[in-house]
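We just call them A, B, C, D and E in the order they show up, numbering each chain from 1.
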Amino acid sequence: MVSALDRAWIPRGVVRAPLTRFGLWVGLWLGVFAVGAYAMYLCLADGLFHTNMDNRYVFGLWIFLDLTVIALGAGAFFTGFLLYVLRKKELKAVINSAVVLGLICYSGAMVILAVDVGQPLRAWFTYWYPNAHSMLAEVTFCITCYLLVLCIEYVPILLKNRRLRGIGGYLVFEHELHKLMVVFALIGTLLSFFHQGSLGGLFGVLRGRPFAFREGFAIWPSTFFLFILSAIAAGPSFIALTTWLVEKISRRRLISAEAYDTLARISGKMLMLYVLMKSLDTLFWLNQTAPARGFPAHRFYEFGNFGGWTLFIEIVILGLLPGLALIHAPLRAKRPVLLAAALAACAGVTLNRFVLTIQTMALPTLPFDRLMSYWPSWQEFAAFGAVVAYGVLVYSFSFRYLTLFPQERELTRAELMQRSQEA
Amino acid sequence: MTRRATPGKAARYGMIIDLDRCNGCGACMIACAVENNVPPPDAKATPRTGLNWVRVFRVETATRPAFVPVMCMQCGDETPCVSVCPQNAVDVDPSTGVVGQIPERCLGCRYCMAACPYQARVFNWRDPQWPAGMEQALNPNVSARQRGTVEKCNFCHGRWHAAVEAAANEGKTGSVSYTPACVEACPAQAIEFGDLNDAAFAAKARAAGAFRLLEPLGTGPKVYYRTGRAEVRGAVSGLIEEAKNGQRS
Amino acid sequence: MFPWVYGFSWTPGHVIFVGVFLTVAAAVAVTVFLAVFRSVQDFRRGKARQIAWQSHFHDLPASDRACRHALTGELKGRVCDNGFDCRQCSVHARLTAIETAPPAGRLYHRGHTWVRPAGDGTLLVGLDEIATKLLGSVGQAAAPPAGTVLEANAPAFTVRKKGAEFRILSPVDGVIVESHDGSQGWFARVKPAENYSDVHLLRGHEATAWFQREVDRLQMAACQVNGMPALADGGVLEGDLSEVLPPGVWESLSAEMLLDS
Amino acid sequence: MKIARFLSYFSGLAISLAAGWTVLPQALYKEVPQPASFSHAAHTGEKGGMQCTDCHAFRTDGSFAGVPKLETCAGCHAEPVGETASEKRFVEEFVKKEREPQWQIYSRQPDNAWFPHSVHVTRGKLACEGCHGSHGKSAALPAYRVNRITGYSQTVMAGMRMDDCVACHRQRGLSHSCLDCHK
Amino acid sequence: MIRRELIKFAGGAATGLAFTPLPWRLLGDSAIWTQNWSWMPRTPRGEVGEKEANCTLCPAGCAVKVRTCGGTPIGVWPRGEAMCPAGFAGHTLPWHPLRLRQCLNRGRVSSLEEALEASRAAAEGGLAVLDMLPGRTASLLHRVHLSGIANARYIPAPQAEGGTARAMARLAAGSVQLSAELGRAKTVLSVSTPLLDGWAAPRRTAANRGFTLWQAESWRSRTMDLADSRLLIRPGSETALLLGLARQLLQTAGVERRARLLQGFDQLQAAIAHAAPAAAAERTGLSEDRIAALADALLRGQPSLVIADGDPLGGPLPEDARLAAAAVNVLLGAEAFSTRREPPVPKPWRCIECTRLEQVDNHSIGLLIIDEPAPGLALPWAAIAPKLKPEGALVVALTWNRASYARRADWLVPVPVYLESAADAPPPPDTGSWRIAVSPAVLNPPEGAIAAADFVARLAGAEPDSAARLEERQKLAGEEELEAAPAPAFTRILPAGTDGAQLAAAAAANLEGPPVAAHGWRQASVSPLLGKLWQEWDLRPAPGAVTSHPETLRGLGWHADSGARLESEAGQMQVLLEADPTAPSGIIALSAGPAYAQICEAAPNGAWRLKNPKVVRS
């Protein structure tokens, strides 16, 4: 009976894994989710001493991974912007997957923030008594709004499901909503522009942390714009990577090579722009901003494990090289090169977030204080594991029962035609 | 975001700490903990997760080590923690200049702790516990903070309240003078407390040999340090020109 | 957040910040409300089914949406983006303007149904050969009773067989006057609505070219499952396919052909 | 047929509105009995002839003593003075057994709020009725209702919350910065 | 269809809910709930008053004022003079987690009467009262009540503080109590004594000490940090340093001339015969001219003073070191010593004599009563155990906590602590001027608690009136402080019967011990709040912390920041191994908490010694 129900919900014309294998996959990730949920319960009920954070490392694994996940989740708004506003038709193949990825990244980040905050029951204070000067207040407002927009963008994909389609006016509402999608794409872009930027601004405004402090334009430090650029650069790569991953796991061809190429090309161009701006900003910071505050450059890089190499890897190895590979068409055409460059771009953004959260905390500000190191506790890993498991589960169910990749039927048929010619 | 101050009554309290007198006994840390109902350490507390509103650093110098008490500097200009708190739990009090940390509104995001250059803020990582019965011996002028909130030195604001109450009892208005716990506790009278708006105290604060920690960051700290020993000034203030003659290990 | 809340202060930064937030929230709310309002409008104006087909149509793979004129070779590789509803299609109007032969004999609808005007002003509607091949005679499939209102491109009736169900699209607008078990090929006599036009139905050489392509499609879809008796010479399969094919294959095959994915 | 379709929707709406506006305010508060009954009117009337400050006095250090302790009551009530049953019970239960009555304080502020009576009454010359209402003239103690979640009494939740204090300060142009009242 | 109706009904209810106060009140009230959690303590309410008192937790007896709220002490603040960190948390002692509140007989709750009966029965076999904090009025009362009991002895626990002064008393003419008057000294040499850190020194800080301090120690102590000149010596080489110093002093004519006239000069000659400058330098690890510079500074900076008491928790210095220090003081003229003036004792009180612990012969005590009134007092159990009768001996501990001697005692009787009953502090070791520092009773003690003096009084069948007697003595002594009397002339350099050669041999013998410098901070155990300094911050070494140079740790195969067990024949204690690059290499600094004394042996020369210590990784 269950397999019949399952078959009834799976869209026609596509082949999905048999229910047993899918059940196994869901069971595995439910296990990871359960362990993480227990860790979250510990932190909420007992207290945050279950983590290894302390009065120096006030931000730990969770905030670092939050920033990374939201940066990579920028693929949603950027793909939407490119498709609906700049009319890049070939991205129609990945827009549904991008929206689902965005929803997962942002909702996961919000859940982790609720656990990371000492008093989650008072979280609404930020809305009720907002501090207009605080970057964190701006981030909170924008992320909640954008999460709402993402949910609204997810609704049409949901209503397209084969069974839901039959009910009343769902399809009509989906149709009307689809016509207004341009408005949501624009609002999404505006919101994402601000909260990606404010996440960068979080550290750029820290007058007390010369390692992170940057001057900038009006009230926005330069890290505001750098975070937006890096998010836009990493977003499409992340979507390309995830699509390839889903193709590998489901063993089906999901998008055309042309879609891959567009994603890579745009990501490459943005990455080059980001590397340029990042280099300029770093030079200005090392020679002008920090020394003026009594912190010559060597005071940041004289400590053993956080030497100058982090800067070199972030800008050159994980920034310049993938950028060049992605903007160079023949190189980009080779799939392994494309995937490696995309992975490098995402790793570059992750390292940038790591440097701004963990290294800023590690470096002492008082001359007589010392460098401190930090390693997350199992509760921190497990809690984030739960969010990843939640993401995988949502994606798996969406991939199985909703049409995330419209081109899949086309490609499957083309494949069959080809196979029948050979036979 | 400061409300209108009572006219003509504003004080800007500040401290001068004489590093040559401080001998690192820690009386100020214990007196501060008693005065402000800071719970005793629990089994798993460490120097990095402990609750201390004032911390005495031991700073190695070429000659004798110097002992430097570091507490919240009640920064006056561009207060780093006030501008970053997302829900205004931190606010410079107009009538005293003290940076108020209100645990009832703090939601424990700890962003102010990241912003503070002096790491003078500490976080309640777990529920505060006192030995059974010790609640009767807590200071009535200060309320205990819940788990998950940030706390910091507020120049013993409980004592400012008591002073205001006593002044009101005699019908007096205007800024009051009082002595914080660490000033009263110091065996060497190394800490001086006063109103930076009053010229004499301000002159003493800016006298020769006085300096402030991380002054070039421009946050306007209101705790001044004084020492006659150049190597201590070099090691403690970290200013580039002093650092040359003070050996820094 | 609001002026009556304790922390509100009329500083420019605060007002701008809260203002932007409220406008964005309002914009989102208005857009969603607009979508809901329009949907209700469509319902009221009864365009629901039409829209349902439109949005459904957009999901079909490009190869299933070949334009009728691409079938006949007049337009190379053009994909229909109007849900096969050539009545509003400017391209079709342009092409048929050239050829004005009166409709003679059967007119075919892409959903594998045909229409034939029966002298007395009514129209006979029936399943074409491929549909009957797939579903067997309409008889067992309980044709729609007299009096039901038909709408072009909307589901006329649903065929339930072997646990699968397919909806058959109606080729014309009108009211069924008399239904029939289909043994003579037609299952309903329809009194056409006043604005009835059979412009969107295929005729003559279009029909033959379309029929030939449908057979190719049927054959190609059928060979998806190996071990199926593939026809070497491309001849039409015999007998009622629902008996011959295994149910899973038959069901996806029929869905393929009846455009009900 | 049109209204019928929304009947269930509107019935759900009506029920939840009714519940929210009537049932909730009652369910949120629970009543806690006072240890003994007490009539201000009886004490301050012509028969009792006492002044407020006889019981609610300021201490020498200017802090406000609040509700009197047992020995203040025992001063007159070593033996039952009047003839009411509740007074007899009070004398047996508390005075004879020297058991301090745990009065529920209507205007008890939370631990984190600092309300100095010396600033408001001694210097500010505010009348008690301003905040406490006509409690001083009541013939019997009103029911003490406490909010189940916050633990504040209904008197505080109704009229002595932060917004009320701030409104008063704003009227008088006084500072109401956070540290003025939080401790 | 019903399903659709249900969904519609739920939708209506939900939208309706949004327009009722329910969700918004819940949101607001739950936030307020997080501000008033029931398990958070409510601060006390009541009148805030102040009461003048003195801190009786240690011999310093600082003048304090106790701030009370509704009668309960909420803080202790200095009144005029200074206070040590522990003084500020003294008012929380009544609620110390280890506080003893009922009589226990080997873990079983029993009553005071039962304890008294058991004690009376065991008293026939010889009663002894071991007073852990001698010099208080309560100590006097012990001696008064013991006079009524047959073969009873009063044993004051040997204190590190004042050891040099006691050694000097044996060199002075006539039996008298002496005191090192730091107030009058201009130059002070402190040998392994925490002069600026807990040695009754809260008043004395680096800034206002008024004398130049030379600190000779074998680990980097807080006093070493604050001293003017530092002499890092090998552990156990104190006597060698002092004998070398004596030899250096005798080079100068004036000193030698005056010394010749004193008795015992030849014994001193014999002792310093082996303390040639090279030998002294080699033994102590200092250079010869450093010792010469020290001697020169002491001579020029008269009046100068040498103190070699040792550490209250780390253990007193051996007898030979104190004798050598006394000798050096005599050579320097010892103007800084004064006769201690004791507060007068009311005439009718007849007290028995004090018996030193060494004078008590073994297996002679049937009933041992240990009086432990305050935290941080320590004496190795190995020194007491042999004195008890092998069978039928009863140990009654009149103690404030369930930890220290409670493990060894058959009976535990709770005593009132600081601020629970009127008590006074013993005389301060650093000045001869006399005063009575009394702490009044602010709180009432837990019922079942009895003052130690009253317990002994009831044992002797006398009136348990220790509070009244304290008042009587206090009234008798009046308020003003009498200045210290000048020290009597010194007739000897070394006491009769001290064999010079034996002193020199002892100097060499002390060096064999393990390179461990045991030191302790007595105030640490007054309250858990003191953990702020060593657990929640690293201003002081934690009790049980073994700190040494990283190379030394690596050399011994231990790795830093790991737990271990320090074992000796007398017992074991938990330690934490820590590496400190600024610590002197080759030396292990052991921060002795109260547990250290329990694992030590009491060597014949009075020092505490670890018998073949081993460190086992735990």
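Methods note: a residue touches a chain if its C-beta (ideal position, glycine included) is under 8 Å from a C-beta of that chain, and two chains touch if they have at least 3 such contacts.
Only a predicted model underlies this, so the values are computations on that prediction, with no experimental measurement involved.
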Fewest hops from chain A to chain D - one hop per pair of touching chains: 2
Most distant chain from chain A, judged by the mean position of its C-alpha atoms: E
Contact-richer chain pair (by C-beta pairs counted) among C-D and B-E: B-E
Central chain (distance from its CA mean to the mean of all protein CA atoms): B
Approximate Å spacing (C-alpha centroids) for the pair chain B, chain E: 32
Separation of mean Cα positions, chain D and chain B [Å, integer]: 37
Between chain A and chain E, centroid-to-centroid distance (C-alpha), Å: 61
Approximate Å spacing (C-alpha centroids) for the pair chain D, chain E: 52
Junction residues of chain B, two or more chains touched: 1, 46, 49-50, 87-88, 103-104, 127, 141-144, 146
For chain A, residues that touch 2 or more chains besides their own: 119, 122, 125, 128-130, 133, 137
In chain E, residues with contacts to at least two other chains: 30, 33-35, 40, 42-43, 45, 48
Of all residues in chain B, those that touch chain A in their complex: 1, 44, 46, 48-50, 57, 59, 68, 70, 78, 80, 83-89, 105-111, 113-119, 121-127, 146-150, 213-219, 235-240, 243, 248
Sites on chain D touched by chain B in the complex: 58, 61-63, 110-112, 114, 116, 118-119, 122-124, 173-180, 182-183
Touching residues on chain C, where the partner in the complex is chain D: 6
Chain C partner contacts - residues on chain A that touch it in the complex: 11-13, 127-130, 132-133, 137-138, 141, 145, 148-149, 152, 160, 165, 169, 171-180, 183-184, 187, 190-191, 403, 406, 409-410, 413, 416-417, 420
Partner chain A, residues of chain C touching it in the complex: 1, 5-7, 11, 13-14, 16-18, 21, 24-25, 27-28, 31-32, 34-36, 38-40, 42-43, 47-48, 51-52, 54-56, 59, 61-63, 220, 223-224, 252, 255-256, 261
